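Should a chain be cited, it is by its letter among A, B, C, D and E, assigned in written order, with residues numbered from 1 in that chain.
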Amino acid sequence: MATATQEIRGTAADVAQEERADTGMDTGTLLGALGGIFLITVAIIRGGDAGIFLNINSALIVVGGSMATAFIAFPSKIVTGLIPIVKNAFKPGVYEPADYVDDIMRLASKYRSGGMKQLENEESLLDNRFLRNGIAMIVDGYNAKEIHELMERELNAMLDRHNTGVKVLRFLAMQAPVFGMAGTLIGLVQMLMHLDDPSTIGPALATALITTFYGLMLANLIMTPLATKLGSRTDMEGILCKSIRVGIIGIHDRVNPQKIQRGMNALLAPAQQRE
Amino acid sequence: MATATQEIRGTAADVAQEERADTGMDTGTLLGALGGIFLITVAIIRGGDAGIFLNINSALIVVGGSMATAFIAFPSKIVTGLIPIVKNAFKPGVYEPADYVDDIMRLASKYRSGGMKQLENEESLLDNRFLRNGIAMIVDGYNAKEIHELMERELNAMLDRHNTGVKVLRFLAMQAPVFGMAGTLIGLVQMLMHLDDPSTIGPALATALITTFYGLMLANLIMTPLATKLGSRTDMEGILCKSIRVGIIGIHDRVNPQKIQRGMNALLAPAQQRE
Amino acid sequence: MATATQEIRGTAADVAQEERADTGMDTGTLLGALGGIFLITVAIIRGGDAGIFLNINSALIVVGGSMATAFIAFPSKIVTGLIPIVKNAFKPGVYEPADYVDDIMRLASKYRSGGMKQLENEESLLDNRFLRNGIAMIVDGYNAKEIHELMERELNAMLDRHNTGVKVLRFLAMQAPVFGMAGTLIGLVQMLMHLDDPSTIGPALATALITTFYGLMLANLIMTPLATKLGSRTDMEGILCKSIRVGIIGIHDRVNPQKIQRGMNALLAPAQQRE
Amino acid sequence: MATATQEIRGTAADVAQEERADTGMDTGTLLGALGGIFLITVAIIRGGDAGIFLNINSALIVVGGSMATAFIAFPSKIVTGLIPIVKNAFKPGVYEPADYVDDIMRLASKYRSGGMKQLENEESLLDNRFLRNGIAMIVDGYNAKEIHELMERELNAMLDRHNTGVKVLRFLAMQAPVFGMAGTLIGLVQMLMHLDDPSTIGPALATALITTFYGLMLANLIMTPLATKLGSRTDMEGILCKSIRVGIIGIHDRVNPQKIQRGMNALLAPAQQRE
Amino acid sequence: MATATQEIRGTAADVAQEERADTGMDTGTLLGALGGIFLITVAIIRGGDAGIFLNINSALIVVGGSMATAFIAFPSKIVTGLIPIVKNAFKPGVYEPADYVDDIMRLASKYRSGGMKQLENEESLLDNRFLRNGIAMIVDGYNAKEIHELMERELNAMLDRHNTGVKVLRFLAMQAPVFGMAGTLIGLVQMLMHLDDPSTIGPALATALITTFYGLMLANLIMTPLATKLGSRTDMEGILCKSIRVGIIGIHDRVNPQKIQRGMNALLAPAQQRE
């Protein structure tokens, strides 16, 4: 039973397998995105001439140009790998550090009473790769210093990888307004060549400005908030893993489970702690 | 008696419970905010046409757009948690590090004379969670290195949490001017489609610029100063906690109270020190 | 005699008492400020219409708005504390690290020959708080590690405090141009409402732009240079204090005065060294 | 046989010889660059007047001006050395860290069974300079601490050198838009001197804006993405070298090859690991 | 003989005496500067009205204003000290780290064979202050830890001093465009007061824009490239000094000269190494 519920949670939060629970949506993220788009749309429709705000040419320059430079700047599979990452941002985060505190206290008790055998049996039942790797190192007879170092390396390497997605989003957020400006410049130049017909100046200028508008919206309504969200999720994963590492070292050193709990709690927010 | 006054102060400055004294206002913050709004209002009224500066459409785009992206970027409860944080910024900060120096010197003396028992009795009377946790670890028999490490972790975790509010405010301060610009672009595009009636150009352009004005004011009159204030409050909390940690280690090591005082004073400004 | 000259210098450079010699002015700072204002004034007068560049409304928005937000962002006494700090920036810096090298070599010799007694007598004659605290710790029997740690803490705490002034100036330098822009926007909006009388457009636009001009000048002619000056003074104070700390540890360890001199010199510029 | 395939790979990824396999192209980079140029070209052609977008004067100011300042800022051979570096960016990266894990496990086994002699024979067969230097130090009898320090220094020095290319590209990306603006200012000034013939205003302004357009495109379509790509390649080289260093220290300490593998894997992404 | 050639090189690269060989010019820097100015001049002349681009008023505001604020921000002798520093930037850099590797290997051999006496004789022949100081410390009987610490301090203090020049140039590069903008604002305001004579609008606006052009050119054609060049020279000096320090410690510890060479080479680029 404990194993079954643990499995679901483990899969959900498993930072290594990089999958998240497929059910439900992060209401805040979703409402934020919809709310922002709704507000802008209302502002456009209330002012009339909404049609001019839909412009394929502008979208091509801004979205296409930014994406093209992203393919220059990053390996293709990292850029295409953004799609699942962005989808994940709309799903609720399922980090329950308190559950890991329980798991680790249980493992610590078993190890202190039943020894290595008990730990070996438990290892295969753990779903979080970081936790399982740590237990495996205890079972394989690594000493505390080796475990700490290896988990440190693993943790840093994981955080670096997860930050790549954030980097791509920040790159796009930087490029989009520039391509917006470039599109406006193109339209401006073309308009300036035909100043002789004054009736076309207004609409031509309006069309030229749409590209700047697209660039700003792509960057600040979509890319920057997503990058911020993913960045803080990675930070939370880092804290969770550091907390797990504190627990693993505690298990290895056969520390009193209460002390392990206190050590893990010290890294967590009061609301996440298990008292 | 000492306990009663201590309780008030403890509650006020308690960095863990994240509450502050509900009485009084930080006059500087309040006068700053009122003064800034007053100056801008006078400048607007003296120039006439003050009515045009009140524009619900512009406010919706700037405030709504920025908040919507904040809900994408941060968990909902962190964004809604901004309201008490901002309220707190208008209340006076009640850090009296000198009082903690006294508390710790008293505890050090008691521990040196009366031993663990005395400390245990005092523990429950302490209101500052950071200080109480430290004393609890001495009572529970942790060694100096463990106490230092655990308090370090707790301190960093707390500072990280408190900085989240600052991050959200900085995020809003970055987004507001961009949504201001976006709103101006929308108005500009709509105006450019109707250049045939020259009499509407001026007012339409004026209305479009209001959104940029709102964006600048929201960011620089409100968000940036609040973020700066909260950031420096968090820094002060960090210094207070470091000073308490120096004291806790001193109590544990049964160091001479005069030496503890000197060690704590070294972290404090001359005006905050207890000689 | 030595004490008298030392007293003047000590008071002047005393980083703790935060006072500086009241005589004389830093000619570079003064000429820089006057030169900059003179150049801008000449450029304004040569072009005519100098009167329009004096605008109380603009000054209120830029200076008032920036200061108002500074009062929101920082405790009142830090903002008002800027006045003596800025005055100090126009006084010459009186750091003569070489003199401290002499003092410390003298103290080292006395301690090696006469012992603690000699040092105790000297302590009260020292004017630099950082140096005096260090000697006091030797007299009170602290060991080298404790002295190093306490002086490290004291040094960092002092640098943090001194940097607060720099932070406020940088904050003002960031806010001033934004309030300049905001004032220009207000003027622009008001002008756009009255496009029907073309003769007023020019002067109205000119007046609106003055606020932007004020914002740029306040930030770049005054705030940024002062922040840079104060920042580099704090850096120099830090180097002086680090050099003093090297000397104090040397005195404590009864190191050969020549070695102490070399150790202190290593931190100083060739021109500041005492050979 | 093993040596032959190894030679190709070794040459390809050899971070010291700074050559990469001459066959094939990095499809992502190539398609990104072509796609971006294609999109911009389509946008220009669809709007008509495409001819005005080809302007030698503008290209001279933007490309020439940026390159000129690059020759002031960096040694000539570093600027001219950009050409092969940029060419490399269009070739696929050939890092197969897993192969190095195999190599090192093989060397570890040989050293544990056959001793120093075996290692000496292998040394000359290794193509990666970093790996070969490490083995050479084991053969020359350096201890683990010396090897770690020397490889650390070598690694940092290499990363610094490789980052110079990135620095030049970032410098160009910063200069290009400024020279674009400067060119537009020149054109604007010249146009403003001839306002008397209204028919020339439009085309003159259009031509002036082309320089700004060139500056933005040079910076954001070419320089910034290339700098980002080279920067992340250097990061990957750093990770590979750190992983090799872990292996070298393991070989020296005659650590169990399975442990070495785990230690190297901890630094690599799951997809790059050899299980 | 060896001493004679060494003297020239020593004087040239002597980082302490801060002099460089007075013969020859750094062709890259010179051609870059001339090329940039040439390109801009051609662009100006081809467009006609070249005369308007020479404007003493604009130059006074931009150059004078920036320099005035530099005198506020930095001590006078640091600002005037820029002139020799900038001159140096146009002279070729004469760092030949490989020669120092030879010197140090020679000294190491002499010390191992002939002892302290030999080293004492060599000391006075060395021209590089950093190297000479290191040898002097060996002769004076300092231990390895003391030497490392003292050289570390000396190195950091030297790098800080050398970076002051870079800081001033970066400060000027930041101020120049702002004073350019301020000058344009002054011209704009003056023009707007006289809109009644349309024939003067164009030239007045053109003149106003020249100041912005001057600001951009001063910052991006001159100050930023020079700051970048000086910054990378300081970095190279730092690497040279670190490499010398590795050698000094090696001499002190009577390490095998081959090992010293390897240790020094590890810090140098392959092209600079002495095999």
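Heads up, the rule we're going with is that contacts are C-beta pairs under 8 Å (C-beta built on N, C-alpha and C of every residue); 3 or more make two chains touch, one makes a residue touch a chain.
Given the structure is predicted, the values throughout are model-derived calculations rather than measurements.
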Report summary line: Residue numbers at the subunit B-subunit C contact, same meaning over half shared and different meaning under half, come out as different
Report summary line: One copy, subunit A, sits on the other, subunit C, after a C-alpha rotation whose size in degrees, in steps of 5, is 145
Query - Length of the line joining the C-alpha centres of subunit B and subunit D, rounded to whole Å - result: 42
Requested in this report: Express in whole angstrom the distance between the two chain centres, defined as the mean CA positions of subunit D and subunit E.
Outcome: 26
Requested in this report: Could you check subunit C for residues that touch two or more other chains and list them?
Outcome: none
Requested in this report: Moving around the ring in the sense set by going from subunit C to subunit E, list every chain once.
Outcome: C, E, D, A, B
**Report entry** subunit A-touching residues of subunit D, taken from the complex the two chains share
**Finding:** 27-29, 31-33, 35-36, 39-40, 42-44, 46-49, 52-53, 89, 93, 199, 201-203, 205-206, 209-210, 212-213, 216-217, 219-221, 224-226, 228-229, 232, 235, 239, 259, 262-263, 266-270
Report summary line: Seen from subunit B, its contact residues with subunit A in the complex are 16, 57, 60-61, 64-65, 67-76, 79, 137, 142, 150-151, 153-154, 157, 160-161, 164, 171, 174-175, 178-179, 181-183, 185-190, 192-196
